[in-house]
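Here chain A shows up in two complexes: once beside chain B, once beside chain C.
And then the complex of A and B:
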């Protein structure tokens, strides 16, 4: 196990290094921070609740851009290594395919968490500068964005382990969109009179991630309580879903011919 | 080398038995057989050339050995372990064909990365990286990003990463292709140094001159089938090795005399006289020409080209396939 960590860690840190030496990341990060700053301008146009508008737009920007970064970097994560044949020399070393895949996953996760931290910092600075209230609710909201990102990165890793970047982007974006609608789809399905529709809606809800579990932005912005149990459940759910996705990714990747 | 190793048969480092590989080009398309029951063995301490024209199945075989693709049937083992396992890779090094490495890393960083993957201890890491940079003569560019490296430099850093953990066996896919003469000599020297250190080298190549210069034994693969396995000299047969000689100041009469004596055709182009003689007769021909007062302008070894041998082998293979009828074809 310790041996595995010694091999996963260099691959993960190398993935972070690749990302931080990539211009795209800075561009997205720049836009995200600009967007958070831009919220101040929009809020000034409103007579009421300017601070809330700033924080609402700020949190939404953070969610949007961090998911964007996760998908854009994640889709080519494994495919790029196979395509450029950099994977050949790595797998010829005493590195298993599972260790390689986990290394890439953790590398991307660290990257998106790092940029989440930077955006969070920008959010705090903007909030402080306009005198908007900051409490633990925001910390919980940002923390759960981090957990949601873990699931998205795992989805991108799964698709990247067997398909092209284009298809991976398509699938990952699809899962992201459906993941935010899955709860609504489930409730909608339960209203149906046909039994098979109800069952299908339930099955879909079980298979798709329920990404709304990680969304506590509204409670945070409106100062509503966020119970610790809700956060704990979201973390457990995120970990379990990520583990399942990564297990499937490892299974598929292990059986693949790397031509 | 002890007495026992002189009497015992050398240990088999690589063993390939009846390897078959089919590729499916796409959904709904018929699969194509690339390897047709390939078998060979590599012995300890030798430089083994896996030789064949492009598309013969060399890289596919090497990918099976490296565990990158799975064989359809057959077995392959390295150091007694099945190639599907990861454990034995601690003892092997691999240089892929036209290697490509993370362009955002420097030469030093990439070697550190591979060393860490191989579990090289932190205390030894810096020294090991410096040693390898010196071995492949890249100290001057060690802190430059790989995106600025030339093809030859990438090939050299590729060799360095393959040897970073001091492996017992090195697998090199076309290590000399695309290099200038100095680069080729450098790589040849490194391979010979590995052999001197008791390592085993497996080398994929289609360049016969490289094989002749350094390989102990070869396996010749054509269209996914092994056509020969054994010492290279036996394959080429000594009588097929010839040299081209260019002479000057040789009279017409002496030319004819030499031509008859050595059973060869002598061509006269202006004042230059060109002749091809078998290697076994080279010494006596040169002595005779010098004795007749000729100037020797050049002597160039003229090796039977591998492509020529392959063409013959391919033609033989096609005849055999045609003889066996359609049922013996490659598509399962």
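And then the complex of A and C:
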């Protein structure tokens, strides 16, 4: 176990180094921070509740651009190694494919968490500058964005383990959209008169990630209570779902012909 | 060696020229796009038709977890649609109702948009009913905020002539923290008798106190001014009745109330609102209107019918008649 960690860690740190050299990362980060600052201008169009609008836009920008970074930086990581043939050098060493994949996953996760931290900092600075309220609810909201990103990075890792970057991006975006729709699909399905439709809706709801579990932005901005148990269950759900996705990714990557 | 340097220099020069060319093409593209764009500037009246307002349920579905920010977008659209010198028509009222419906469905925890609906959705019975539905949603989410109750009560009283409903809503509001002390009295009055000028005045003063936005404040101030003049006109009506009793004839001019052996009034009250700045005073006077033989101020040229302007009163009564007809047809 410790040996595995010793092999995963260098791959992860190398992935972080590789990711931070990615121009796209800085472009998206720049847009995210600009958007958070730009929120002040947009909010000035409203004569009331400007602080709330600033924070709504701020949190939405963080979520949108974080997912953008996770998807568009993440999808090419494995493909790039195969394309450049550096994967053969790595796998020729005593490193299993599972360790390689997990290294890539943790590297990307560290990268997106790092940029989440930077965006969170920009959000706090903008909130403080306009005198908007800040409490633990915002910390919980940002923390759960981090957990949502973990699931999205796992989805991106899964698809990049067997697909091209373009298709991986397409699939991951699809899962992201469906993940935010799965609750509504479930409720819509339950209203159907046909039993098979109801069952299909339930199945989809249980198989697809329920990403709305990690979305407590509205509660944070409106100062509504966010129970610790709700956060704990969301974390447990995120960890379990990520484990399932990574297991599937490792299984597929093991069977993949890299020649 | 110089040959190599010359080659490198040539390549650098070529790259520079390519860069310049790219920049030039980019700027040209921007210039053409801007010129084309400016050929068709948006018209002021286009904004209403151009903004697509989705069904709230569909908007919730496709917002993909970004409901709060989509809600903000439609809130800003609502402000833009209602702001400026735009006259609120029933159609625009309906449009604003749709916008606020989306805003409050996507983020029901918003605060002011509910009262925004209460202020602006007043041009038709349907508008007011939509506003009331939205205000009830606001009450559901913010049960402890007396203001949404207040606006709902006002709509029932002022626009729909539904005093019983207004009293019920205001009674509930009066028990909430921060509610004005006069609310229970107001509710009781609405319950016991038909609402009068004083009730309308108290309502409007409170709305003015809490109004956000100069347009809304101006609208309330103007209604209060009309009520003030009507109160003075009623005072003159009383004096006129006594004049008839004493003199056995009617007045020919309003001045007669201050003349004669026993003047009924020391002086005539001002025919212009007391809030009117001196620079805007136009020397109005009290006259007996030859068309209906009533005392009127030339400032308005007509009497304030009960607590609402005649047009509003007629409108509200028209809505009430239509409602009765609909209910009769339904039975």
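Here is the rule we use: the second predicted complex is superposed on the first by the 259 of 259 C-alpha atoms of A that agree within 3 Å, B and C clash if a C-alpha of one lies under 4 Å from a C-alpha of the other, contacts with A are read in each partner's own complex, and residues count from 1 in each chain.
In this text, a residue touches a chain if its C-beta (ideal position, glycine included) is under 8 Å from a C-beta of that chain, and two chains touch if they have at least 3 such contacts.
Quick caveat, the model's predicted, so the values are computed rather than measured.
When the two complexes are laid over each other on chain A, chain A has no residue in contact with both chain B and chain C. By the touch criterion given at the top, residues 3, 6-7, 9-11, 14, 17-18, 21-22, 84-86, 88-96, 257-259 of chain A touch chain B in their complex. On chain A, the positions that touch chain C within their shared complex are 42, 45-49, 52-53, 56-57, 59-60, 63-64, 176-177, 180-181, 184, 211-212, 215, 217-218, 221-222, 224. Residues of chain C touching chain A in their complex: 60-61, 64-69, 71-72, 75-76, 79-80, 107, 109-112, 212-213. Of all residues in chain B, only 23, 63, 66-70, 86-87, 89-90, 92-96, 99-102, 104-105, 113-114, 116-119, 158, 161-162, 165, 171 touch chain A in the complex they form.
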